[in-house]
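We call the chains A, B and C, going by the order they appear; numbering starts again at 1 in every chain.
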């Protein structure tokens, strides 16, 4: 099968010398939905930032649709990988929602009226029609999360990468988000420590611990392995 | 100083909002500069400009009450700042307040400064009441302000709301721990919060930068909106400039 | 009165200051790009938001009054002088248009004072002091505090000159009241700048020490400038005290001293007997520079012992 995301032997050290990733390898096929599991500090966010070249690999490599991530391919890679950050506020930085969503196409050289059209369409797809001219601080937490999603979906990425997508959402907004994501066709990579959301979105789970892949299996099998979940801080030990 | 009103502009359709934002901004600058450039003692021309502002407010459907309330705050500041003129301007003493002598020239200049300020303030309030921040930003771009200024303002606008939220949370957290009863503690607390605010603003800026890069940002924040000037805007602006020009010219010839 | 409202300045002063500010900002825009490259918009956006938010926090200074941070030296020390000027300008622009804080027609003058002079002179002084006293956290804080004080006093002087050149208030009372008022504001600005910088050096030291576009000033150059400044100030003070009419004449030629009439000025007898405000101001400059020097050295020495 054609592998869309290939991470091979990826290592990363922060400038201060702390090792964040230690030889991470895994691959994701087109159309797959994979949960990247691990507690805070396991290296999930660092790994995600390598997927579209925000951090340079210290050793090893990342390839997206056969394109190895190096400075000269960043443009192509970033068009294919839609990265949704943990805090939607980081992603919604312009005075109106429409400008936020049109930001990526405009950077890609799409003419303004076409970019605005694409942005409107994407917002409508996510049920956000009618708030295009509002600023993000006038939206609810759930709407803001969807808007952040819209800012990357507008470029029709091949793979959608979400970092803790349900962090601050109430039950209803979570359901809405999960429903929306399940209906989409993009390959999905979800980093989370929330096993519930992983279970409702993904079939496969990759467990990351201290910068290493310690398990890569069907999610159903992982979730019943109590010992494993406890060992890697994904579930509290039963009293 | 509260900033939240800026966002609550009423999207009332009026002859003023039908002009392009750039024309509204330039009109405001024309009125403010025109009244500010009136020579001291030109009371009649000042009255003409004030009347013009009131008529524009009426055309913009800004209620007189709102105009009054919104100008009051800044007006008080101008009042306090210009009170010094009463005693600092030399002239024939009119009466004395303790050791301070109020001169008649000082009184006249004080009143005139307030008059000029009222015209400028009212014009600015009409601008804020009819123009949203994104529209204003668009006007800045059209007026060829440095890209870095418009881009920083665009990003800064959103960050301001986020930052103020964070600062308020910090302040609440400090209060809930019973900090800040004495004025020394309060000062220290404010310094701490300001410093925390600066470091948070930076972290936020860096995270935003990453989120921008992830979406193909290469140094320019491209503009989405473009608005072409229409004849109505040009005509309105030209008429206003002519009016202010004539009033100003007349005032300088008369004085 | 840091932000000059509309109504106080004459047309000539408004146009003149606007042209000067515009030219300076044009240079700043080009240099800022060179310093920050594509990090410019998000970082300066964040700093703009910070300055805006911090100016909404009022610091009580007693007697029911409060002041807020101006931020020229603080911002300039972190993002560099050119970017700092643009940040302060962006703040002033929005304050004038949306909050009527500072006039629209006097935006040029306010930009000249609070952006160009406050940041430009402030950072120049800050880097100069740093070159004189050497590098170190406490020296940094001391240098920034003294630079913040002096740049605020300079801003006050600029406001006074602009008011006088507009014929709104004669130069002498303007300098005494407006300039003097800024000495008080300057003290607060110095304390705030120092305290915030000290806190920042603890939590995010890299922000302060890796300031953008900073070229180190060489120590001999810094000492040379210090010597020349002191000599100039002393010479000017001497001239002013022996021949008071020279500066007065210069002032009247510049239109600063017009409309002065004796008798009704409430501050008619405030100055030193022979020389008036000019010599007083210049002697003040010397004293302040001397004090600044001593303060920075003391802070630096305290650090060495600690």
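Criterion: a contact is a pair of C-beta atoms (placed from the backbone, for glycine too) under 8 Å apart; a residue touches a chain by one contact, two chains touch by 3 or more.
Nothing here was measured: the structure is a model prediction, and the numbers come from that model.
Visitor: Name the chain with the Cα centroid closest to the overall protein Cα centroid.
Guide: The most central chain, going by mean C-alpha position, is B.
Visitor: Measuring between Cα centroids, which chain is at the maximum distance from chain C?
Guide: A
Visitor: Report the inter-chain centroid distance for chain A and chain C in whole angstrom, where each centroid is the mean of the CA atoms.
Guide: 47
Visitor: Quick check: how many Å separate the C-alpha centres of chain A and chain B?
Guide: About 42 Å, centre to centre.
Visitor: Counting in whole Å, what is the centre-to-centre distance of chain B and chain C, each centre being its mean C-alpha position?
Guide: 23
Visitor: Mind pulling the residue numbers of chain C that touch at least two other chains?
Guide: 42, 45
Visitor: When you check chain A against every other chain, which residues touch at least two of them?
Guide: 93
Visitor: Give the residues of chain B touching no fewer than two other chains, as numbers and ranges.
Guide: 133, 154-155, 157, 159, 162, 204, 208, 212, 217-218, 221
Visitor: Any idea which chain C residues touch chain B in the complex?
Guide: For chain C paired with chain B, touching residues are 1, 5-11, 14, 25-26, 28-29, 32-33, 37-50, 52-57, 59-60, 62, 69, 74, 83, 86-87, 89-90, 93-94, 96-101, 103-106, 167-170, 173-174, 177, 192, 195-196, 199-200, 203-204, 207, 259-267.
Visitor: What does chain A use to touch chain B in their complex?
Guide: Chain A residues touching chain B: 49, 52, 54, 75, 78-79, 81, 83, 85, 87, 89-96, 98-99, 102-104, 106-108, 112, 115-116, 133, 135-138, 151-152, 155.
Visitor: Which chain B residues qualify as touching chain C in the complex?
Guide: 1-3, 6, 25, 28-29, 32-33, 35-37, 40, 71, 73-74, 77-78, 81-82, 84-85, 87-93, 99-101, 103, 109, 112-117, 119-121, 123-125, 127-128, 133, 136, 140, 146-149, 151-157, 159-160, 162-164, 167, 183, 186-187, 190-199, 201-202, 204-206, 208-209, 212, 217-219, 221
Visitor: Flag every residue of chain B that touches chain A in the complex, lowest number first.
Guide: Interface residues on chain B, with respect to chain A: 7, 133-134, 137, 154-155, 157-159, 161-162, 165, 204, 207-208, 210-218, 221-226.
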